[in-house]
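Going in written order, the chains are labelled A, B, C and D, and every chain counts its residues from 1.
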Amino acid sequence: MFNIALFGAGRIGQVHAVNINNHLETNLYSVIDPYLEGAQKLTAAYQAKIQSVEEAMADPNVHGVCICSATDTHADLIKLAAINGKAIFCEKPIDLNLIQVRDCLSVVEKHNVPMLVGFNRRYDPQFRHLKEQLGAGTVGKAESLIITSRDPSPPPAEYSEVSGGMFRDMTIHDLDMARFILGEDPVSITAHGSCLVDPAIGEAGDIDTAVIVMHFPSGALATISNSRRSGYGYDQRLELHGEKGLLQAGNMKENLVEHWGATGCISAKPQLFFLERYEDAYIAEWQHFADVLAGRCQPACSGVDGEFALVLAEAALESMKSGKTVTL
Amino acid sequence: MFNIALFGAGRIGQVHAVNINNHLETNLYSVIDPYLEGAQKLTAAYQAKIQSVEEAMADPNVHGVCICSATDTHADLIKLAAINGKAIFCEKPIDLNLIQVRDCLSVVEKHNVPMLVGFNRRYDPQFRHLKEQLGAGTVGKAESLIITSRDPSPPPAEYSEVSGGMFRDMTIHDLDMARFILGEDPVSITAHGSCLVDPAIGEAGDIDTAVIVMHFPSGALATISNSRRSGYGYDQRLELHGEKGLLQAGNMKENLVEHWGATGCISAKPQLFFLERYEDAYIAEWQHFADVLAGRCQPACSGVDGEFALVLAEAALESMKSGKTVTL
Amino acid sequence: MFNIALFGAGRIGQVHAVNINNHLETNLYSVIDPYLEGAQKLTAAYQAKIQSVEEAMADPNVHGVCICSATDTHADLIKLAAINGKAIFCEKPIDLNLIQVRDCLSVVEKHNVPMLVGFNRRYDPQFRHLKEQLGAGTVGKAESLIITSRDPSPPPAEYSEVSGGMFRDMTIHDLDMARFILGEDPVSITAHGSCLVDPAIGEAGDIDTAVIVMHFPSGALATISNSRRSGYGYDQRLELHGEKGLLQAGNMKENLVEHWGATGCISAKPQLFFLERYEDAYIAEWQHFADVLAGRCQPACSGVDGEFALVLAEAALESMKSGKTVTL
Amino acid sequence: MFNIALFGAGRIGQVHAVNINNHLETNLYSVIDPYLEGAQKLTAAYQAKIQSVEEAMADPNVHGVCICSATDTHADLIKLAAINGKAIFCEKPIDLNLIQVRDCLSVVEKHNVPMLVGFNRRYDPQFRHLKEQLGAGTVGKAESLIITSRDPSPPPAEYSEVSGGMFRDMTIHDLDMARFILGEDPVSITAHGSCLVDPAIGEAGDIDTAVIVMHFPSGALATISNSRRSGYGYDQRLELHGEKGLLQAGNMKENLVEHWGATGCISAKPQLFFLERYEDAYIAEWQHFADVLAGRCQPACSGVDGEFALVLAEAALESMKSGKTVTL
């Protein structure tokens, strides 16, 4: 049984708490959060203890850390965990600053601890199945990947600053997904952005609608279609065109009940947002981290992947601002 | 070019007028309808002539008749046409009275003219495709056929008397479809009915909701699910379960545009009613009659099929009234 | 925390073990199974203890029992649990013999313990949602309910004897579902059966294909379509036609990835069988039992429901054998 | 009745011949084609006459021309028809050379004859319905348009030269569609291309896979996804994201029959190619030309639209070659 110290008792921390508890090999050992009330709710529900950062890092009973705290605390926590020999699971991003990221990864490497970066969508059973079908040759060589990723509704404009902007916050998942599905690294990126959803986002210097095109060494093209507001839930789709046809991963709907009536045939919207849509992905991600903890495998999504996604996000920003394709 | 005399310029007559005109081998030669204004609209549009029943039947230029007039005129027109050596296309039913039907068929047989009874659904490309797949062994031996047939909205209660009741008027299509798809004749029939849509229909001695179960010699079961009112258009589906799986013919929708929004994902309703849903079926049916006229084939749906469907409708009525299965 | 004694460590017992463990209010306390190896696997995984029937029933730490053992042990275990004041969850059926069922229920009633009968489908989120929509008036008054329930592949012919035959074993779920959805008890039942899938099943005196029609006091009709072999997974659908339209609960597929290629557009089959299809239903069912244990509600599916379903199964058998509608 | 001279008796000429014949206001008067055998087949089927270009242009009985001949003959035929006062329907493109196009349009303008350019997809009932829904405010202001257009299989490499390359030949439809749906003209275009399908196409200096992004004055973005080979039929889809949701026009499949079996749920492929997919569009297009002939309306797709589409195709080419966004 591996004891896990959970940093951050917020929305995503609560998701991981459930999965840590339900997994037969992991135990929610302690919760660390400056907002004590949130931490206490979790420790009460799961018979865990409250710890400070220092206590958790120094506690030899802690085998792994699950970092779900605010983005600007990630790098320090990763470094502390590495120094203290804990296996690391960290929610994306490692940091919004590429220099910080690289510094952080060098510490992890030096201390040789396993580290898994939480690009949750890689574990989504639908996308996995699509990738497996591609790998099995179902549609031959990949030619065009089309990623649709649209949030249900926009964040407050203030969020743009905290989040590092749409490319670093939201598109970063899709940039990682393109590398994950195609299994190669892009050679160029061209980004187009627009502020259509909320003028305040534009005033904050950010965009809310984007199209990104990447070229890959094999000649394959990837297109990402983003919006901060779909109006109908979380729109998360993949389309992979290959030599012999198409693989398509559609949206998961809130339910399968259809109502046919005077106004048409109505089915449910896509699941609302990431907590619902990627519930199974989070479980599978944690299963993977348990495999890493048990030494059964290496992290499938390492710090280098986290770094690469950030590099792409910054290149997209540069392309959008310059109006030119950026070669990588 | 075959000259066609069209009896009846109503809704269904107009459908056939278009198809007669568009077919390269047939010509709308004359229209016969006591309601002169309706007939004149068609003759003006298609450069055809107005005729009386007697004129049309006596006219040697008329090669075939297309009978789309009121049900109670069918039998007489069929007999006249047979006596005058015209090829006969007649909308279902031949007559509501089985003795009349048999009398009528004997005249047709005696004069040895080709006769096609208009069970339009047999020519529907979707149902044809399902039947071909079944014939090709895609799902092995047929085991269960489920026919869903629901009208968009109920007819006026007065119609029950004219139409001979729901089984003779509406279910008759499904009874014929079961024989058509399974390629065998049922050995028993059990019918359940209810008046749920409009109490006036019940007062007129008719039903508006029904379930019919038939056993076939091969052991296959057919279930028909009927209603006079769907609330969402014309619901016309087939499900054929066989040894190796299922063949399903779904509804055709009014269009393929989906609207995803706050209230869900809305697609169009099924096409409104038979004129829309079976537009292609009517064209294919007329193509088949042109093939019959040209001697390229025998009528695929003969008077005997029309008779059998009526026999089944009457057996269903008897079963519903007696609460017992009727052996055929 | 409620301690649960689990009787039966087989396929369905293992499902409940996971759910007992994952629920924050219940604890897998002990496992009772004559096949010791199976029991030990569970006790090892969940830190539970092995007990005998007698030990578990006598143990004051046991708050509730979860009966997943062989059908012929259900009645005795229920009675023992009732006498010992344990809350009871029992997989369906209570017993195959109606007299035994009634005897058993009288013991439960006498000792006034809560008892939940495991008609798992009642907790399926899809069917729940359909029922809620019906209750909310989305389609007005219910008119026709169509239940499709087809197993992926037939059980061995020997199973017919153990299971009490298809109606008592398989259709019983659909009979209960009809009552659950429509919220009323049928007034008559007519059953049709055929042995089409496996002749050995017929030789064992059972059927493998069936259509059942029930009339309800409101005039509503319910049709059940059953087969022991679909050829494409577990086919579990509901269709509810009401005054204002249709509510349809479709199948859950193994995944949402579509492959479009030379042979067509291929999507995944329905989930294989009940363990996959009703995974969420089992979780919700256990949540409900936890609510019962905590005194937050009464069992939504009581012994009387279990009894009624068996009454209907026997009436269906009588109808099929006699070829007549059975009035209830 | 308007008499039509049909230039070109090939594949697309035959489509128009059927529609000219079936329309009650138009008459296939003559066919002009240097390949006499093809012309004769049509004249025999429709009781039309063979004419030379000169005869047809000089014939006062000819009210309109339908130009379906080789692309390099379009401009001359248009000019001749204009000079002779005939109403003009011309298949796209007017010409592959922009100077020729402008010269041609000035002649048409001078002689003041109505001219309709055959961008057939504008008349497709599905795309029309989507545009109407957008116009009706169903999803509010348009934000992102995504056009998927993939041919079933690539043309021979030699075709690249004749056709003017993929952008001028194939993408031109999508460029026109973007203007048609959004109702505004783009301000910039960025094009990405790859030769992935057939190396011979690359050797001929053309591409077979492309992504094009356009910005519109309103801020809306349009993305076009093209391939010369889908592997599963003609993939023709529109997705319009607006303020309040999504409008999606999916593919039309060859039939609606689904086969559920051991390998999954198989439905039909999209209709094979443009003759099948746009059958209804061609009929509606001809109806529109009949309206123009009868003076009931002006051409909805004029020579200027044909010119604009070519301008966009050339700008796309320039963008792809330069690797820069082209401002319009």
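Criterion: a residue touches a chain if its C-beta (ideal position, glycine included) is under 8 Å from a C-beta of that chain, and two chains touch if they have at least 3 such contacts.
For clarity, every value in this text was computed on a predicted model and none was experimentally measured.
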{"item": "Chain of greatest Cα-centre distance to chain B", "value": "A"}
{"item": "Selected interface, A-D versus C-D, where C-beta contact pairs are more numerous", "value": "A-D"}
{"item": "Chain centre separation (chain B, chain D; CA means) in Å", "value": "39"}
{"item": "Chain centre separation (chain A, chain D; CA means) in Å", "value": "42"}
{"item": "Centre distance in Å when chain C and chain D are each reduced to the mean of their C-alpha atoms", "value": "57"}
{"item": "Chain D: positions in contact with at least two other chains", "value": "139, 230-232, 244-246, 260-262"}
{"item": "Complex interface listing, chain D residues touching chain C", "value": "230-232, 253, 260-270"}
{"item": "In the complex, chain D residues that touch chain A", "value": "139, 141, 143-144, 146, 150, 190, 192, 194-197, 209, 211, 213, 215, 219-221, 223, 225, 227, 229-232, 235, 241-246, 323-325"}
{"item": "Touching residues (chain side chain A, partner chain C) in the complex", "value": "21-22, 24, 45-46, 125-126, 129-130, 133, 138-139, 244-252, 255-262"}
